[in-house]
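Common to both upcoming complexes is subunit A, partnered first by subunit B, then by subunit C.
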Partner chain A sequence: MTEIDVNKLANAKAKGKRPYFFDDPAVERVLSITMAVATELAVTRERLDTVERLLEAGEPVTKANIDAYRPDDDASKDRQQWHADYISRILRIVHQELEAVENESLNEDPEKLADDFAAA
Partner chain B sequence: MTPDWSHDDKSRQAFQRSLRECVIRDLSNGSRLVFENQVSPKFEKENGRPFQNRQEIKAEMRKEPFYQAHLSIQRAAQELMWASVTYSLDRQIDGMMAKAKQSSDTLGSLTINPDMPIPKYIDSLDIHCMPGGYTTDLCDGDISAGAIYDKGSYMYGSGRGGPYGDRSGQSIVNYLKREHPDFAPKRILDMGCATGNNTVPFCDAYPDADVHGIELGAALLRYGHARTESLGKAIHFSQQNAEQTNFEDESFDLIVSCIIFHETSRKALPRIIAETRRLLKPGGLMVHLEAGQFENFDLWRQTVFDAETYNNNEPFWSTYRDMDLEAVIAEAGWSDGTAHLHLEPFGHAPVTSSNKSQKNMLGFWFMVGQK
Partner chain C sequence: MATSLPPTYDRTGQHPLSPDVDHDETARFNFLTNLNVHLNQNVFPGNRIAFENRVSPKFEKETGHALETRQQVRQAMLGDSYYQSWAALRRNAMEQRQQAGRHAVLRQLDDLIEKAKHYNDGKETLQIDPNAEVPRYLAAVDNHCMPGSYYTDVVSDDVLAGANYETGVFITTAGSMSSKGDGGGRSIVNFVKDRFPDFSPKRILDLGAGIGVNTLPIAEAFPDAEVVAVDAGAPMLRWGHARAQALGYENVKFIHADGDALDLDPNSFDWVQTTMFWHETSTASIHSMMKKVFDLMAPGGLFLNVEQPNFTPETPLYDQFTRDWDAWYNNEPFWSKLHVMDVFEVMAKAGFDSGKMFDGGTEADIEQGQFQPWSSTISRHKAELKDDGDSKHNAYKGERWYLFGGWK
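Entry: the complex of A and B
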C-alpha cells in the first residue's frame, strides 16, 4: 500500500501564509467553501449528464459504462457551455455589482426616492 | 506515465478550467472596469494627479469589494485546481511509482543527489500554491510532485502550453531555427527543466544532440525521466542547482531555460547567468525564456501581475520583473553586445522596430547571448 496519503496532500495547506482579502476572515472561509461545493455539484451534474446520455443511447447504466464514457465534441461543447452558464448563475451578485459600475442609472437610492416621491 | 483519470476526476478538472477562464476573463475585466470607472477618477480628484505606481493602485483597489471578491475567488480556484489533480492520484500513485522504478535507462538517464542543498527560494513556500511544492520527496521513489506538476501546469496555463506542455521549449526551437538555421548543437542543457516537458522539443529539433536537464526537485525528475522514456526520447536528467552545476567548463553548445528566473532570487539570478556563460563553448548560444519586465506594461497590468507575488506564492516575481536585466547580464560577465533581450510575441510576427515600444504585448521574452 502506498506511503503517500494523497487526500491529505490534495487538501494540504500550501506552505506560505495564506492571504485573506476581506476584512472578516469568515467571509473568505465561506466563499472558499462555496467554491468547493460548487465544484462538487458540477461533478455530480456531469455524472448525471453522462447517465442521461447513456440512457438515450440505450446503453446499460453501469458504473463501468459511466467511467468509460467519453463525450464527443458536441457533448464537450454542451458541457463547457453549461459550466459557463452555471458559473454566471452562482456569481450573479458579482456580475450585478459590475453592471452597477458600468451603468450609473442602475444605482438610484430607494431611500432617497421614497423621500422624493413623498414630496412630489 | 499519464495518470488514468476517472469520470469524476475529469469532471472536476474540467470545471476548474471553466472557473479559471471565468476568473481570468470576467473577474479580471470587471476589476479593470472598477479601476478605470471608479477608483482611478476618484484618486485623481482627491490627489490632483493620476496614480504614479502599482503600489498606490494596489492600496486603493484592495479596499474595493469587487476586487476583494475577485482575488478571493481566484485564490480559491488556484487551490481547487491543484486539489482536482491531486485527488485523482489516489488510486494510482503506487502503480505509477512502480512503473517509474521499472523505467529503464535505455535512452536517457537519471541522477538523483539526495545531499544537494535546496535553496530557500524554492522551498520557503509552495510556489503557485502547489501543495508540497517542487521539492517534497514523500517516500523512496516518489514521483507525486511530478505527476501533480505535469497536469496542474497544463491547467494553470489553461491548456496554452499545448497537449504536451512544451510550448515554451517549442518557441525557443522556432526562434533558433529561424534566426540560426545552420546551428547544430551537439550538447544541450535545459536549466530548471521540471518534468522535462519543455526539454523534449530539443530532442526532436536536434536529434543528434546529447540533451541534459537539471532540476532541484527529485520527484519532478523521477516522473520526468519516466515520462520522457515512455515518449521514446533521450534526456539525461540530474538533480542540480543551476547556480553551480557539476558540468565542466565549455561543455555545452546550447543552454536554455523556460520561465525559471522569477522563481529564484536577486543573488541567484546573476549566478545562473554566469554559470550559463561558464558552461558554454565559444560560439555557443544561451536562450533563457521568461515573462516580460514591468516597464513593458501599463500600471493596471502591472498591478494584476504584481498580485501574483502576494496571492500566489511567487515572492521574487515582481522584483524580477522590475530588475534591469541589461545590468544583470553585464553583472554576470557577458560583455557589451554579446547578449540582449528579445520579445517573441504570442501569435504575432517577430517584433519589428515599429511595434517594439508598444505596451502590453504578451509574449515570451528571451535573454539571448552568444559566447
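Entry: the complex of A and C
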C-alpha cells in the first residue's frame, strides 16, 4: 500500500479559484484560522462533557471509556444546545452588525450627541 | 434568536463499510453541522435585510436606477460588509467540512479499501474503466469544494471520494437527507408510486448516480428491476458498489463512464433517472446527453429528474442571486446557466414530445426513528425558495424536491 500524507491530503485545496469576500484577504485568513480553533475548542468541550458524564455515572474515566461513550437522547440534546449557544456567542459581532442594519436608530454617533448637548 | 437543533452524527445509518468515526471526529462533525444550521437560520436571512435596507438603496442613489439583473445584485452585494461575513463563514464551513471528512477517511483508507475490495473483487456488477476520460468541465473545478472531486484516485483501488461524500453529506445538509443520506431517492420513489401507480419498470438507469445513495431506494422499491448506476467517478463507484453489496442490494450494477461516452443498448431502459445531476453538468453536455438518454429509453419509458426549479419571470432578483450562490462560491459553476435554462426545450430538442412532459414536487422523506425525537432538520434550498412566486411550475407548490421529466 502506498504511504500517504494524511494531513496534506486532508488539507488539499479544491481546484478552482478560491473566492475572498473581505476587502483584505488577510481578514479572511484570520477568520478561517479562528473558526478552525473554535471548532477544536468545541471538540474539547464535548470530550470534557463526556468525562463529566462518566464521573457522574461512577464509571472509570479511561480513554477507552471516553471513546466508547454514546450520549442518550437527553445528553445529546444538552450537547447540541451547547454547540448552538457557543456558536451564537462567538458570532456576536455578526449579529450586532445585522441589528445595526435593521434599525438605524441604534447607530447614533456618541460624539455628535455630546456636541448636540454642548450648549450650557 | 432560536436555533433548531440538528440530530447528532452518531445517529447516521451505519453499514459494514462505514468508516470508524471516533469521539472527537463525531464532535467535530456535530460542531460543523450546528455551524451550518446557525449560518442558515440566523445569519443568512440578514443578507436580505442588508440588501433591502442598504445595498439596493445605495445602488439606486449612485446610479439613479433600480437593480435590473442578478449579476448587478451579486456585484452590489460583494461590497456589503454583512454579506462578506456570511459568505466568508459559509465558504469556510464548506472547506472545514471537507477537511474533517477527508481526514477521518484518510487515516483509515487502507482498511476501507480492503473492505471495499472484499465486496468488489470479481463482481460483474462493478465495471471500472481505467481508460475512462474525465471531461474537462468536470476536471477543471472540484465540485462543491471537494478536493479531487468525484474522480481522483489518491491510491490504487481508491474509495476516498465516495467514503468522504457519504460521511460528509450529513454535515452539509444537517440530516435533511435522512439518516442514510438517501432522502432524495426515497422521495423519488414516493413521487413515482403516487403519481404513476401502475408504472412497473424492468430496466432502470440512474445517470450521475455517484455512490448510488439515491439509487438504492429505487432498487428497493422495484426489486425485480435491473438497475444500472452510471458515474464518471471511479472512487465513488467502488465505494457505492461495495456499500450496495454490503447492504444486500444485488440488483444494482455500477458502471464507470462519462455520460457523453456511455455505451449501452438503445431503447432498453424503462426509466432513466437523474438526481441533482443537471446542475453539475456543463450546458453543452446536457444537450448532448439528453439526446443519448432519449436513445437509451424504451418506447413508453419514463425520464425523471430531481433539481431545483429554475427561475421564472416572477423570481425576484434577490432570490435569483442567492440561488446562484453555490454556482460561483461553492464550485458548482453550471448551476447559474441551468437556472435560466428551459429544460423542457432541451428535452424537446432531444426528441421528447412536449405533450408528454410534466413537473411536480414532493416532500422530503426522512426515515422515522433514526434521529433524536427533539431534533429538527433544515432545508437551505427551501428557505431560499419561499418567496418564489411561480407561474410556470404550476404542478410544483414549493415542496422540498422539484421533479420534471417526460415519457418517450
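Quick note on the criterion: the second predicted complex is superposed on the first by the 117 of 120 C-alpha atoms of A that agree within 3 Å, B and C clash if a C-alpha of one lies under 4 Å from a C-alpha of the other, contacts with A are read in each partner's own complex, and residues count from 1 in each chain.
Keep in mind that, in the parts below, contacts are C-beta pairs under 8 Å (C-beta built on N, C-alpha and C of every residue); 3 or more make two chains touch, one makes a residue touch a chain.
All of these numbers come straight from a predicted model, not from anything done at the bench.
In the superposition on chain A, contact of A:26 is made with neither subunit B nor subunit C. In the superposition on chain A, A:113 makes contact with neither subunit B nor subunit C. Residue contacts after overlaying the shared chain place A:7 against subunit B and subunit C alike.
In the superposed model, A:97 makes contact with both subunit B and subunit C. After overlaying the two complexes on the shared chain, residue contacts for A:37 are found with neither subunit B nor subunit C.
Touch criterion not met for A:61: it reaches neither subunit B nor subunit C. Where the contact sets of subunit A with subunit B and with subunit C meet, they give residues 1-2, 4, 6-7, 9-16, 18-19, 21-22, 27-28, 31-32, 35-36, 39-40, 42-43, 46-47, 50, 66-67, 69, 79-80, 83-84, 87, 91, 94-95, 97-98, 101-102. Every residue of subunit A that touches subunit C in the complex is listed here, in rising order: 1-2, 4, 6-7, 9-16, 18-23, 27-28, 31-32, 35-36, 39-40, 42-43, 46-47, 50, 66-67, 69-71, 73, 76-77, 79-81, 83-84, 87-88, 91, 94-95, 97-98, 101-102. For subunit C in complex with subunit A, the touching residues are 1, 3, 5-6, 8, 10, 22-24, 26-28, 30-32, 34-35, 37-38, 42-43, 46, 49-50, 53-54, 78, 81-89, 91-93, 95-96, 98-99, 102-103, 106-107, 109-110, 113, 139-142, 145-149, 154-156, 160, 328-329, 331, 333, 372-375.
By the touch criterion stated above, subunit A contacts subunit B in their complex at residues 1-4, 6-7, 9-16, 18-19, 21-22, 27-28, 31-32, 35-36, 39-40, 42-43, 46-47, 50, 66-67, 69, 79-80, 83-84, 87, 91, 94-95, 97-98, 101-102. Against subunit A, the residues of subunit B that register as touching in their complex are 6-8, 11-12, 14-16, 18-19, 21-22, 26-27, 30, 33-34, 37-38, 62, 65-66, 68-73, 75-77, 79-80, 82-84, 86-87, 89-90, 93-94, 97, 123-126, 129-133, 138-139, 142, 144, 310-311, 313.
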